[in-house]
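Per-chain numbering from 1; labels A, B, C and D assigned in written order.
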Amino acid sequence: MDDLAIEVKDLSFRYRQTTHAALSHVSFSVPKGSFFCIIGGNGVGKSTLCNTFVGLIPHYFLGKMDGDVLVNGQSIIDQSIADLSSQIGLVFQNPFNQLSYTASTVAEELAYGLGNRGVAREEMVTKVEAVAKLMRIDQVFDQNPLDLSGGQAQRVAFGSTFILEPKILVLDECTTQLDPMGADEIFAIVKRLNNEGITVIMVDHDMERVAEYADQVLVLADGSPVLQGAPAEVFGDPRLADFGVEPPDYAAVTQALAKRQLIQDKLGVTKDQAAALVKEGLNHAD
Amino acid sequence: MGSGEPVKSPIEKLNPLTKMLAIFCLGLATLIYPNSWLGLGIVIVLFGVAGMAHILKSFAKTIFGFGIPISLMLFFIQGLYSPKNKTIIADLGFAKLGEEGLLYAAKIVITLLVFLATFYIMNQTTYAGKMVAALTSSGINPQVGYLILASLNVVPQMHRRLDVIKEAQEARGVETTGGLWARLKAYIPLMGPVVMSSLTDAQERGMTLETRGFANTNVKRTSYIEVTTSKADTYLRAGLIIFLVAVIIISILMRW
Amino acid sequence: MNFDKKSALSRSVKVQSATKSLVLIPIAVGINLIGGTLCSTLKLPLFLDMIGTIVIAVLSGPWVAALCGLLTNLFLALVANPVYLPYALVSVLCGLVTGYLIKAGLFRNKFGVVVTWLAVTLTNTVSASLITIFVYGGATGVNSTSLVTAALLATTKKIMFSVFSSSMVENLIDKAIVFVIAYLIIQRIPKKFLSQYSSSLGDDD
Amino acid sequence: MQIDLQDLHFGYRPEHEILHGVDLTLAGTDPIAIIGQNGAGKTTLVKQFNGILTPTSGHVLIDGQDVTTQTTAKWSSKVGYVFQNPNDQLFLDSVRKEFEFGPKRIGMSSAEIKQRVDQVAELVELTDDLDTHPFDLDDTQKKFCTIGAIIMMNPDVVVFDEPTCGQDVHGDHLLNHIIQHLTAEGKLCVTISHDMKFVSQNFKRVIVMSQGAVQLDGTPEDVFSQTATLKTCFITPPPLTQLAQTVGFTATPFTTDAFVRAFEEERK
């Protein structure tokens, strides 16, 4: 039990005044230190699930919840969202909705969560500077976060979450508003944190990215988990298309090449894996 | 110049609570004092304070911009038509100019000017975040602080949003120029998206506050903004209170 | 065990909803102010600066609407002109009147909207005029309302009456349009959003 | 239908120019994609196409007529613009009303509106949601509602600002279908996108913007083979192109089939 960051136990949720359950009978667990990806079409309950991890369900959104979610072994029902925030942090899509609206500078914005915890000012200053450097927003330190571009504002949102030092990070389509380069930079930082032991739970539509980073993938369809496993297993599953998910191009291409016996029959889900298989196939032919 | 912190005026360095106390004490003193001379004196002194705060030009513009037209209006309204008028100074034909009304008008104008001037100086020299930090550390509810700061921050952002919405609706055939009726008809297509999207955004903003511990109840909040109470603050606060008490005593004696 | 969890849950839901409603207040303040800005953008000779107050009165009740009015004037005083500060009382009263009339169910049909409109116009006129007279001695400076006041005063020679009538005419038209717009907007607030707020707007599970 | 940009310069403030002399001709029906890093000037550029923004110098001509001669609202019947954020355009309480709103503004007959509502609803897959409140739709459907509302006005050119943002597989397919449908009807689709996979597979012409100027303009094959220039514009080619470049193929494939063909070609 000790090695689980999150344990979802027969979780169901229906938003108030809706007839359709957003989540129904979801059970799975996320090991500590893993990079866990949740994928599926739009409206299958991915965001609802993310909101449960941080306690926004059941403590913020109205609706009917059954089952339970344990974060580091403790039920979210017994803890407030504020208590949970020291263990788990959420970053979502729209950067300007992730600002506190109480800060006139990036520095104040980063410090906001610490202030709510009553952290002493000296400690705050040190942490703010460190996070600003990590997120590379130290050049805009004194600017109003509301005047920043979407990309920079999203970095501030990330920083404001990291600064609370959560051991688990939930990323709900958090780079949708960024350009591909900007997103890559963010993920490089996320990967670094993951290597340092932070558990990452990510929802994303970019399957190449999911394959690149994930060590576990969960496919959600209509509020329930339908597939789970390592990227190579999940993306090789023939049922994937039925669940509204397309495998990464690399997987599709290595599959097609293998089918024609041009390369060895293995699935390459990342660019490096696929490149190795293709190179080997070419050499083999010589 | 150039590098380092910008030079701050002594007024800017004061604790915001001291400045709030100044508005209260000086304004109340002017109101209580039986005639306009004390207020006039305070306004003159405040010009000096504005000079110290390097805002003299805009200060003068605000004071005269408000003071002159309101004086004209009030001398007209009260001087000619106040029911208190007994001593007639001049007869203008269509109405009579009365001394009591003029004095009453002068008192109102000067009291308003003292409030306006102190408020203006505080507002121009105090960063809103610092004011709220000072208020929070002196014990007001953090929710109140949030409401003040969020109201100040949300408005410019909604302005920007409105500009985008205007473009977006023009691209759908909404005319924002032309006759009065056409412009009035454009109001809902422009205002509708502002209201709807702001309301839906509010839900996500609430999520952010929650996940950053806004609802924490058992902790004394701290702030990144440093608020100090210097010796100058202490002396000034004592001075202001003594001044107010003195004015109250003198006023009672004068009326007696 | 199970029972304990349930009661803990219902308690926390209540506490957290406070934040959900709280974040609406600055937005309602923003809507009030943007409503005014839009008038100048479209060059409309109106104020229309009460839409947010009415919307939040529907969502969160009279006292929150009053608070929204107070904050709107505080904002104007801080950013535009301190002259607006005393009129915060007017905004507070209008928020309360709107809120209580809506609470009494008057906003459900067009007739009720008309009643609310007249009540708010009256509240606004009376309280604003009293402030103009007792705080500002009759006028807040040279603007159209003050000039109308002066003209009326020259013909009728009654301060109280002059201030009242100049404010009344302006208010009747402005508030009529505000209520029509707010009514139209409120009709269009989506169910998905409303379902996360006060139970009076829909039955609970 | 033809849009000509002639030496177009633009800046919100005179001292801060965003577009530095763009010359472009958009014509025909082949869908055009505009790509580039955030802040490259893509949105600023397409906002010139219907006079939302007007050049500080240079000209924009729509079928030879200068864009400044009439208001954006008037141009809306010729150039449709789907904004990035659906929340900026939607405000009515049903999808049907949103669909009817624009056409009414430009004076389309009610018979035509009625007929188009059904066609367009089917195209954007909202037939069953015509009476739903747009804000009760999910984010993807909301986007298609905005797209439908613009298509309803039957413009000759449709500009999409990042329609792929946040779309799932089904959304991408539907978008592709809509663009093909409009192209078949003789319309010109111009799309800003960050999704290189989507761009390479659905567009015949790709324009690369960087620092307020057009850096590359050509077929996807031309554009995505210029690795050096792309790098300076901070653009990474679509996944399969990257793979082909990594293993040293001469071809620039975008699809699985193309890659397999390229592989067989290389093996010879």
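Just so it is clear, a contact is a pair of C-beta atoms (placed from the backbone, for glycine too) under 8 Å apart; a residue touches a chain by one contact, two chains touch by 3 or more.
Predicted, not measured: the structure shown is a model, and the values here were computed from it.
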Intersection of contact partners for chain A and chain C: B, D
Chain B and chain D: spacing of chain centres that average the CA atoms, whole Å: 47
Averaged-CA centre spacing for the pair chain B and chain A, given as whole angstrom: 45
Distance from chain D to chain C - Cα centre to Cα centre, in angstrom: 42
Distance from the mean Cα position of chain D to that of chain A, given in whole angstrom: 29
For chain A, residues contacting two or more additional chains: 59-60, 80-81, 101
Multi-partner residues of chain C (each touching 2 or more other chains): 15-16, 19-20, 26, 188, 190-191, 193, 196
Where chain B touches two or more other chains at once, by residue number: 128, 146, 150, 153-154, 157, 176, 188, 192, 196, 200-201, 205-206, 209-210, 214-215
Graph class of chain-chain contacts, one of line, ring, star, complete, other: complete
Complex interface listing, chain A residues touching chain B: 51, 54, 56, 59-60, 80-82, 84-85, 89-90, 92, 94, 96-104, 107-108, 111-121, 124-125, 128, 146, 160-161, 164
Residues of chain B that touch chain C when the two form their complex: 66, 69-70, 72-74, 76-78, 80-83, 94-95, 104-105, 108-109, 112, 115-116, 119-120, 123, 128, 143, 146-148, 150-155, 157-159, 162, 166, 176, 180, 183-184, 186-188, 190-192, 194-196, 198-203, 205-206, 209-210, 214-215
Residues on chain C engaged by chain A in the complex (per definition of touch): 5, 8-9, 12-13, 15-17, 19-20, 26, 191, 195-196, 202, 204-205
Residue ranges of chain C touching chain D (in the complex, touch as defined): 187-188, 190-193
In the complex with chain C, residue positions of chain A that touch it: 14-18, 58-65, 75, 77-78, 80-81, 101
